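Could you have a look at this structure, given as structure tokens, before my questions?
Every chain is named by a letter (A, B, C and D) in the order it is written, and numbering of its residues begins at 1.
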Amino acid sequence: MTSYFSNLPIIAILAPFLGAFLVGLMGGRKKLLNVQRSIAIATTFTSFLSLIYLIKPVILDKYIVAYWMGNWKPESQWAIGIGLEVDAFSLFTALIIAAACFLSAIYSFKYMEEDNGLDKYYVLFQLLSASMIGFVLTGDVFNMYVMLEIMTFAAIALTSFRNHLYKSVEAGFKYIVIGSLGSSFILLGTILLYSQLHTLNLAQMAALLHGNYTPVSILALAFMLTGYAVKAFMVPCHTWPVDAHMAAPSSISMLLSGIMSKTGVYALVRILYMIYQSTGRPEMEFLIIFWGTITMLVGITMAVVQTDFKRLLAFSSVSQIGYIMVGFGVGLSVNKGVAVVGTMGALFHMLNHATFKSLLFLCAGAVLHQTGTTDLNKLGGLSKKMPYTTAFFIIGTLSISGIPPFNGFVSKWLIYQASFEAGYAPVTIIALMASVLTLASLIKVIQSVFFGQLKEEYKDVKEVPLFMRIPMMVLSAICIIVGVVPNFVSKYLIEPAAFSIYNIGNYIDVMFEKGYAAKMFKETVSIPSMDYTLAGYWNPLSWLILFMILLIALILFFSFGYKSSNNKVIDDLINTRYETFTGGEKEDYNHLGENDMFWGMRQDFGRYFRFIKGAHSGVVNDYVLWVVAACAIVTIYLFTLM
Amino acid sequence: MKKFFTWFSLTIITVISIYVSYKMAIMTQLHPTYEGIANLIVNDTLQKTGAINSCTAIVFDFRGYDTLGESFVLFTAITGSAAILRKYKRR
Amino acid sequence: MKKNIIIKNSIIKSCANITLPIALILGIYVILHGHLSPGGGFQGGVLIAGAVAIVFTAYGYKEVLSLFNAERAKTFEDIGALGYVFLGTLGLIYGYTFCTNVLWHSTPGKLYSSGTIFWMNFAVGYKVLAGLGFLIIMLVSNLYQTSEYEDEEEK
Amino acid sequence: MLLNYIGSFLIIILGLYITIVKKNLIKIVIGMSLMDSGINLLLISIGFRQGGTAPIFMSDLKPGAFFVDPVPQALTLTSIVIGACVTALALSLVIKIKAHYGSIDADKVRRLNG
């Protein structure tokens, strides 16, 4: 209930910033390179540590840290300064971010040793980490925008860091066009809100906007939703991350996919749950669930047809964001018991996605570092040469596809349950399908990268050095531990975060004074009654059996699909891979890899796949058009229904 | 298809934004002077910060943390440009 | 290799000779009087960094390289940013929160008034002039490099 | 202020139109920059009040004079700097794209597709 004063949040934000300037001051001297690396590790660790010290007051004792910049406390109940506000949800996201940045800093120690200009890499890396932490800890809408811009620019520059590759530069350009379009939408929404409410503080906006919707604020909502959807990879705006993840160095892909998408999700949750207080609005619930489902479906179907390792992982990360958004969409439901399950599932999936997607990207980076390519058609049989990486990758695969002993199962189960109980049964079915397809697409990767026959040119490949293995080890340990003791994690991390999302009145009161929220809402704000009875009601063993049955059914489906299409007259003559199967062995060994594992399915749904692949045309203008069209559609939807 | 979507979305946004600007103009007419945080800031500038220019007082004092972020944006962009334009060499 | 991107003639040169000192002095004035008159650190810094652009337009690339040291400009930018962070941290040292306006406050209207605001203006101005100057030098120097890539595979 | 709001929205939409339709990468950057300008204009217009003066405590202020809203002006400063940064980064990327692809046509810069 009461606020809590602490300097730790600002230390967590400023440590990497200061580190960035120190590294910049050293310049590109080769002697100091190890010092620069150590500074990056030390500063990210400092911010992680200072956030860990906040766990006790914020998560266990349920205080909220309110920190007014420049000592400008609110006067006459108007927030004149900028305030940092750390509640359990912010701290939860910030902890994920800081931990991942720390692991990524360790990983870059060896991974980035072959590039030049490493001082710039570390400057940008620390700016990226600091701005992400600053983004989630702040309580001011405009400050969120500023931090978002630092984040975007640092991420763009890091995406194009290996600028001798054409793909890095192209991905960077697409990123900056679409990313700054999203940022412009966010700024537009922010200033429209300012014109109505004359404040920039998050808590005060929530207090003033309660029951006070006007066309101005609805247009602002549409712009902000689209803008943050760009940052969170929601579907019509998901085109930049795919290119960026593919082109960036893997230590950065990990941050982009595992962590930066979470900042977009965080902002969407803050907007929907806090500023606009849409809890209990069925139209908003439907919008978010529908959007999440589309994201899930398009992401995973695109992932199945990819032939590049990192691009496939990027598309699958788009589909995972769909799961998270479905969870948060259910969280807006009127039915409190179901809503809590949805929110908890989404929060749990945020944590889990950060761990297993980071793990998968680090494995991809390990393969890239040792072999020099991520093309699935060129790789093969690395399991004997890189046993640790193979093991970590299999752990990641099983987690992401929700196989019971691992962590993905817990969160996915919560989301299935929530969406089913909220009355969205088709969404549950699509989510199950997407989960199976995730497993399928990653099995394809395992098949064509780690198993199969070793190719000639990779005879001398070695296991990655220890510095790169440590982060992977930590992440896979987290995957297993969270999967084994989900109740512990859910009790001490997820439940406080979910509670703080719903406890708007307290969030506002802490920033201003006791009773301010009740005064503005013109009604008493009750502490939300959280009903956790539905959450965690599952039986892993029976679900394992069900999953086995599903898997067997899928295998049968694919084998039948393959046989039936084998007899068809194939109109797609350009597909030369077909010859591998009909015209004998093309290579001296039959390498059952690449896309051919799902050849039958691709043939059966050929029209859909051709359409969706053609839609991702690679032209920047089209991608911009998608974002603008999404904005227009959201605008129409909100104006007709609100 | 592309043309249709272009004109459709741009028309929608234009129409709705003109409607919203109309509403905003009405809102501003209701309050001929500023209100909210601006009111307090203008009243307190001289006593509390000692800066004659309220705009600078906001930029460097009330919202000094934003300016910190802003200068970091510039720093990031410049370092980023330097990183992008550098000559790539392999060790 | 495009050598003559800008045609240098005497009109541009003499105009530059007149405008350059004015731009520099105006920039310094705007930075110093940020809390008293319209303007501030950013605006003044941009004005001063415009000097690089003026020198480039009038005298060409080689003169820019001989006058300005790009590496040093980069270092100065770091120093400016660190200075800003240090001024913000003064608030913590005095026992308030980050970015608090401490130091002395004399009569409003004097040059040395308004506490940290004056020094923050200075730090930001310094940072911006160094940073933007560096940016212009870098972009200009890229016009004179021809680099063709044959799109090698990774690594 | 109706005209200002509509005008700035139209500039934003013009910027969007340029980014969607024009195929030259430099023109796309110009479109983004135009959008930023539109947003800055909107921001300034939101702060404007009829009859207000610049927010500086001059000695020759008439009694009854009042300032325009200074907060959006401070925000505009940030927004302008960010717009300039977008342009700088995007242009340096265009330089690199030209070096790699030999072209700045958006239809040719599409090797990452599907």
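As a working rule, a residue touches a chain if its C-beta (ideal position, glycine included) is under 8 Å from a C-beta of that chain, and two chains touch if they have at least 3 such contacts.
These numbers come from a predicted model, not from an experiment.
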item	value
Pair with more cross-chain C-beta pairs in contact, given B-D and A-C	B-D
Between subunit B and subunit D, centroid-to-centroid distance (C-alpha), Å	10
Gap in Å, rounded to a whole number, between the CA centres of subunit C and subunit A	37
Whole-Å separation of chain centres (CA-atom averages), subunit B against subunit C	22
Distance from subunit D to subunit A - Cα centre to Cα centre, in angstrom	29
Of all residues in subunit D, the ones touching two or more other chains	12, 16, 20-21, 46, 56-57, 71, 77-78, 81-82, 85-86, 88-89, 92-93, 95-96, 100
Multi-partner residues of subunit C (each touching 2 or more other chains)	37-38, 40, 74, 77, 81, 85, 98-99, 101, 108, 135, 139, 142, 147, 149, 151, 155
Contacts with two or more other chains, residues of subunit A listed in rising order	17, 24, 69-70, 114, 142, 146, 149, 153, 156-157, 160, 162-164, 166, 169, 172, 195, 200, 625, 628
Chain contact topology (line, ring, star, complete or other)	complete
Residues of subunit C that touch subunit A when the two form their complex	71, 74-75, 77-79, 81-82, 85, 89, 91-92, 96-101, 149, 151-155
Touching residues (chain side subunit B, partner subunit D) in the complex	6, 10, 13-14, 17-18, 21-22, 24-25, 28, 32-34, 37-38, 41-42, 45-46, 52-55, 58-59, 63, 66-67, 69-70, 73-74, 76-78, 80-81, 84-85
Of all residues in subunit A, those that touch subunit C in their complex	7, 10, 14, 17-18, 21-22, 24-25, 27, 67-71, 114, 162, 164-166, 368, 372-374
Subunit D-facing residues of subunit A, complex	142, 146, 149, 153, 156-157, 160, 163, 166-167, 169-174, 176-177, 180-181, 183-184, 187-188, 191, 194-195, 200, 243, 246-247, 305-306, 613, 616-621, 624-625, 628
Residues of subunit D defined as touching subunit A within the complex	12, 16, 19-23, 25, 28, 32, 35-36, 39, 42-43, 46, 71-72, 75, 78-79, 82, 85-86, 89-90, 93-94, 96-97, 100-101, 106-107, 109-114
